[in-house]
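Okay, here's the structure, questions in a sec.
Going in written order, the chains are labelled A, B, C, D, E and F, and every chain counts its residues from 1.
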Amino acid sequence: MELINVNESISKNADFIEQIGIESGQPVQKCYQCGKCTAGCPVAFEMDYPPHQVIRMVQLGMKDELLKSNTIWICASCSTCSTRCPCKVEIAHVMESLRIMAGRSGTAPVGKAKYVEVMYNALLSTVERYGRTYEVGLVMQNNLKSGKLFNGADMGLPMLQRGKLKLMPSKIQGAAEVARIFAEVRKMEGGVK
Amino acid sequence: MLKRLLEYVGFEPGRFQARWISGSEGAKFTTTIMDMTENIKSLGPNKKMRDDIV
Amino acid sequence: MSIVNETKEFNPIIVGFNCNWCSYAGADLAGVSRMKYPANVRVIRVPCSGRVNPSFVLRAFQKGADGVLVSG
Amino acid sequence: MVAASQHPNIQLMTYSEVTDVSGYIGNFDVTIKQKPRYVDHVKCTGCGTCTEKCPTKVPSEYDLGIGKRKCIYIDFPQAVPSKPVIDAENCRYLKTGKCGICKKICPTGAVDFEQKEEFITEKVGAIVMATGFDLFNWEEAYGEYGYGRFKNVITGLHFERMSNASGQTGGKIIRPSDGKEPKSVVFIKCVGSRDEAKGKEYCSRACCMYTAKHAHQVLDKIEGSSAYIFYMDVRTPGKAYDEFYRRTVEEGAQYIRGRVSKIYESGDKLIVMGTDTLLGKPVTVEADLVVLATAMVPSEGSDIIAQMVGCPTDKDGFYQEAHPKLRPVETMTGGLFLAGACQGPRDIPDTVSQASGAAVKVVALLNNDQMATDPMITQIDEKMCSGCLVCKEVCPYKAISEKTITERIAGQPVERVVANVNTGLCQGCGNCTVACRSGAANLKGFTNQQVLAEVDTLCR
Amino acid sequence: MAKRIGLFVCWCGSNIGGVIDVPKVVEETKNFPGVAYATDYKYMCSEPGQDTIVKAIKEHNLDRVVVASCTPRLHEPTFRKTISKAGLNPYMFEMANIREQCTWVHSDDKEGATQKAIALIKRALAKVSKVEPLFESYIPVTKKALVIGGGIAGMQVAIDIADAGHQVILVEREPTIGGKMAMLDKTFPTLDCSA
Amino acid sequence: MRYAYFPGCSYHGTGKEYESSTHAVAKKIGMELVTIPDWSCCGATASHGKSHLLNIALPARSLAIAEGMGIGEVTTGCAACYQQLAHANIRMTESEEIRDKVNKITGKEYKGTLKVKSLVEAIGIVDPETIKPLIVKPLTGLKVAAYYGCLLVRPPEITGFDDPENPVFMDNMMKLAGAEALDWAHKTECCGASLGVSNLNIAVRMINKILKAAVESGADCMVVACPFCHLNMDYHQKSVNKQLGTTYDMPVFYFTELLGLAMGISPDDLGLKTHFTDTQKVLNQVG
């Protein structure tokens, strides 16, 4: 097991600890590790670090491990943890901020986390192009990128039969406006992919 | 209220502070003094109300 | 009364009105713990921050204080 | 309890409430309301015939609703005084005028439906607040634990009533839903305590120990049982406390470090969803009974008494001591002392020591025929006082009253109201001197002139 | 009558004397209006230190005293007693806190600390020039106590006061005393019965 | 009762029957739903993993358009859209700084005058006396497990209309429709949402837990108020059976569908044919 030098970790990543506090707006230092977040988390079973450990790692400045962890992507943002936290830490917000930071730092998620990221990107890129989600395009792009070519292919036919899939994307009139939103945000934040 | 009065006569608000510091908060006292000193240094000397200048 | 020498580094005079039970004790504690802070604050002990009459504060400014701290 | 009731120097007034307090240290005037008991306790011998025959049954407050009591009742067999009272809210006779069985059968004729509430006034030199605590109302806050909808989720106090031999179950621990003996019991600590979001930020101090005791009782009394305790920290700072806790662990109690996120019913079991933070994994436990260690909060009505006697409270409603370390049993009001959980959560050993501490303070005061007062108090210059009495409003100690003086103006006697400071009540805070517009109020030892001289010198 | 102030500056060993220039401080403050006598001593609160004060009051006919040493929260009562031994009203007294709020916190700025000590002593001198004798008043005490609440705390208080020979009224709103404790089964850590 | 209506991207996709039943029921109870012209995607669960600003700006565009319609309140059937809109609305009303920044990004002026309600709330607050006479075919005897999921009720700072631990709005509506609303364990457990797309093997375990609790409670069917919940509970039920060897056959309805049935709207008009689990046995049961 890896030995962690605590003073080094905290001093090296002081900026990171502060940044997470600012971006998420959450009083991460208040956490006293009761674990209620993990106890109620519906996806904890798939995470490499359970939610309460993620908060602990933020407190200790373990940036590299956090940004590489699959937890921040597996988190379904259901906010069960935030709702029940005795210290009023909205853990789901912290997870979001970590995802955003991971994206910014170019840390590529792997495995299951990768699929989540690919799906998010696929969804957003259809939105950027058409203004709305385009399900067929989304699934196709998702599968191409995630390498799971036939994922959900068995879903397509029954969906189609029930009229639940439109093969062609519907572009809204204001699609350019939506694209502009993406562009502006990129300009402001400098390099959101 | 006093603060508003002071501002009214053109006084920089940083010069007057009211703080709650309990008997167990020595550190808070220290930081309050340090912050205030810095703050007032940047404001410069109090010239507005001094008897000898007015 | 001395006029502040503008060429020297400005060292403000801060007058503190400290409650005997709270912040005066806090200031003592800072001493006991050997903390360090600038020597320009001078404390007047009052029985309670409620004792501080606004006129005291105004008087301090009139007489040349650069800052006043009332703490309870 | 018997010691307190039989002491020749103690006048015991049960079923009574303090309704008014005035005066100051050494000289308080108090009014006490004696609620009607409808039983003459001089005539009553405590034979208990009436409680046997009373036809009305209501849930027992004493047993927290687990059991029932009669309408004319004694709380529990060892109660002091061991004489019954009639609960007017539920008594058939008092509500409808019919029944009166107790009156008919009482061998000494002690039942008296005509009793009215009485007010007694007393003069005392010191007052001790010992109003105790209540349990945090978790049913209102903890939806994830079922809002009290699950019968087999109970509090530690309920558990005490079940394991107490004089309780309704005769000391048998059962599941309230079906009366069966629980084999798997889960304890959850810090319910309401250390929970800023739902309850109180503070630690309730006694729960770690009584939960260890409960776990011990489960393992001791129920054969083949298991006890699981969800905790964040085990706090055992008392003589022989940690040894007790360790013994419970060695007896087989499973301590799991983590909070419980949710409890739900599945069949006749309760599923407890928690975490083992030491393992770093979520866990579930199947339970027959869940016992919550709920937070201690100030007892109901303690705020009313606080207002009556002028006792400051902290942000959680506990009575505020004069100084947490140096004057823990005194208050900022002279002659008013604190004992027990009304000042903050504490266990029995601490309560007893604090109570003795408060007693010494009272005795030290009462040993004197008269007492010196601090001279650094407010002085009113009656000539300057305009009688506006703004000072009276701002005084936190209710030390200022109005007084009528007679002056001679142009040879004519004229009556005029001025402020008057009670030297026993004034604590020398000086709030009045700031409020005083005419400059009549001055604080001896910290006069305006003195402070201004200090200011002048310092700023030079 | 002209005021005759006595000023006593304490070294507190090296606690004060090691940081500020005590003789200089005395020199700078002894000409403050009203000061009739000024001196310094190693430990003002020690018995010889207190004797110095008593002697000086008598010899120099002082009517009020300033001691510059530690926080008044520590030794104000001590010195009040000292000067009343010398026949002064104990309230004709003021302290300047040049330890906790000066030398201890400014040991890295000796010049600043010295200046501050002078200012603080002058403050005390200014205040003491304005003080007047104060007298305690006396109020009678009713020898009876009221205890509100008949739980474990209330019962214990009542018994202890009663044992000391005073009357106690113990008020409980429920029909029985005992409070929460009476509801308990055995009590930790000894598992003895609660009732 | 007039609302600016935000259909959400699944309106003619996977959540088609929600859309049709919503309009059918709204018409019955006299609720006017005016679709926000040229609305755009709210960002769903994807944008908050990308950028805090984008996450507010995407829904802000639709909010700005809706504000221009002069209707004070916005509603949407989709729980995810609801939360995105409500979240953006709160952030933009709370802080002028964020509002100005976001308005600059969208190029549209949103002043922050709107109220955002979920469809559950919008219909839930309708006076029961208005709905009662419309119930012509009460769902007598039908045992319903109302499933709220996450985003309708959490986090309470944003949603706040119903209890996050034991919500009752849908239960009350089902009772109004004559059905029996069951008290069951997992009303607000998360179904996995988009994990159903990206990592189905994770989602099936989450779905399984919820379905199991619903079956244990003795429910004849589940009722939901979110296209994602529906997709996971309904369509992926079969995936759960396949992957975990279970044999669930639990019909899953949108609450608007069951309300519609009770109001006598034909199953075809409600779009009941397009479910993946068989709805026939429930239809038979309620006649």
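The criterion applied here is as follows: contacts are C-beta pairs under 8 Å (C-beta built on N, C-alpha and C of every residue); 3 or more make two chains touch, one makes a residue touch a chain.
All of these numbers come straight from a predicted model, not from anything done at the bench.
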item	value
Starting at subunit A, fewest touch steps before arriving at subunit E	2
Contact distance in steps, from subunit C to subunit F	2
Middle chain, criterion being Cα centroid separation	D
Interface with more contacting C-beta pairs, comparing D-E to C-D	D-E
Distance-maximising chain from subunit B - centres being C-alpha averages	F
CA centroid of subunit B to CA centroid of subunit F, Å	55
Whole-Å separation of chain centres (CA-atom averages), subunit E against subunit F	69
Length of the line joining the C-alpha centres of subunit A and subunit D, rounded to whole Å	49
Gap in Å, rounded to a whole number, between the CA centres of subunit E and subunit C	21
Residues of subunit C engaged with two or more neighbouring chains	1, 21, 25, 27-28, 30-32, 35-38, 40, 42, 44, 54, 63-65
Two or more partner chains touched - positions in subunit F	164-165
Subunit A, residues touching no fewer than two other chains	45, 80
Interchain contacts, given as pairs of chains that touch	A-D, A-F, B-C, C-D, C-E, D-E, D-F
Complex interface listing, subunit C residues touching subunit D	1-2, 13, 15, 21, 42, 44, 46-48, 50-56, 59-60, 63-65
Of all residues in subunit C, those that touch subunit B in their complex	1, 3-4, 6, 10, 12, 14, 16, 18, 21-23, 25-33, 35-38, 40-41, 49, 54, 57-58, 61-72
Sites on subunit C touched by subunit E in the complex	20, 24-25, 27-28, 30-32, 34-40, 42-45
Residues of subunit F that touch subunit A when the two form their complex	9-10, 12-14, 16, 38-41, 43-54, 57-58, 61, 101, 104-108, 149-151, 154-156, 164-165, 188-190, 192-195, 197-200, 202, 205-206, 209, 235, 273-274, 276
Subunit E contact footprint on subunit D (complex, rising order)	1, 3-5, 7-18, 24-28, 30, 32, 35, 37, 62, 64, 73-76, 78-81, 84-85, 122-133, 157, 160-161, 163-167, 171, 209-210, 212-213, 217, 238-241, 243-244, 299, 301, 305, 337, 339-342, 347-348, 351-352, 354-356, 358-360, 362-363, 365-376, 423-424, 444-445, 447, 449-451, 453-454, 456-458, 460
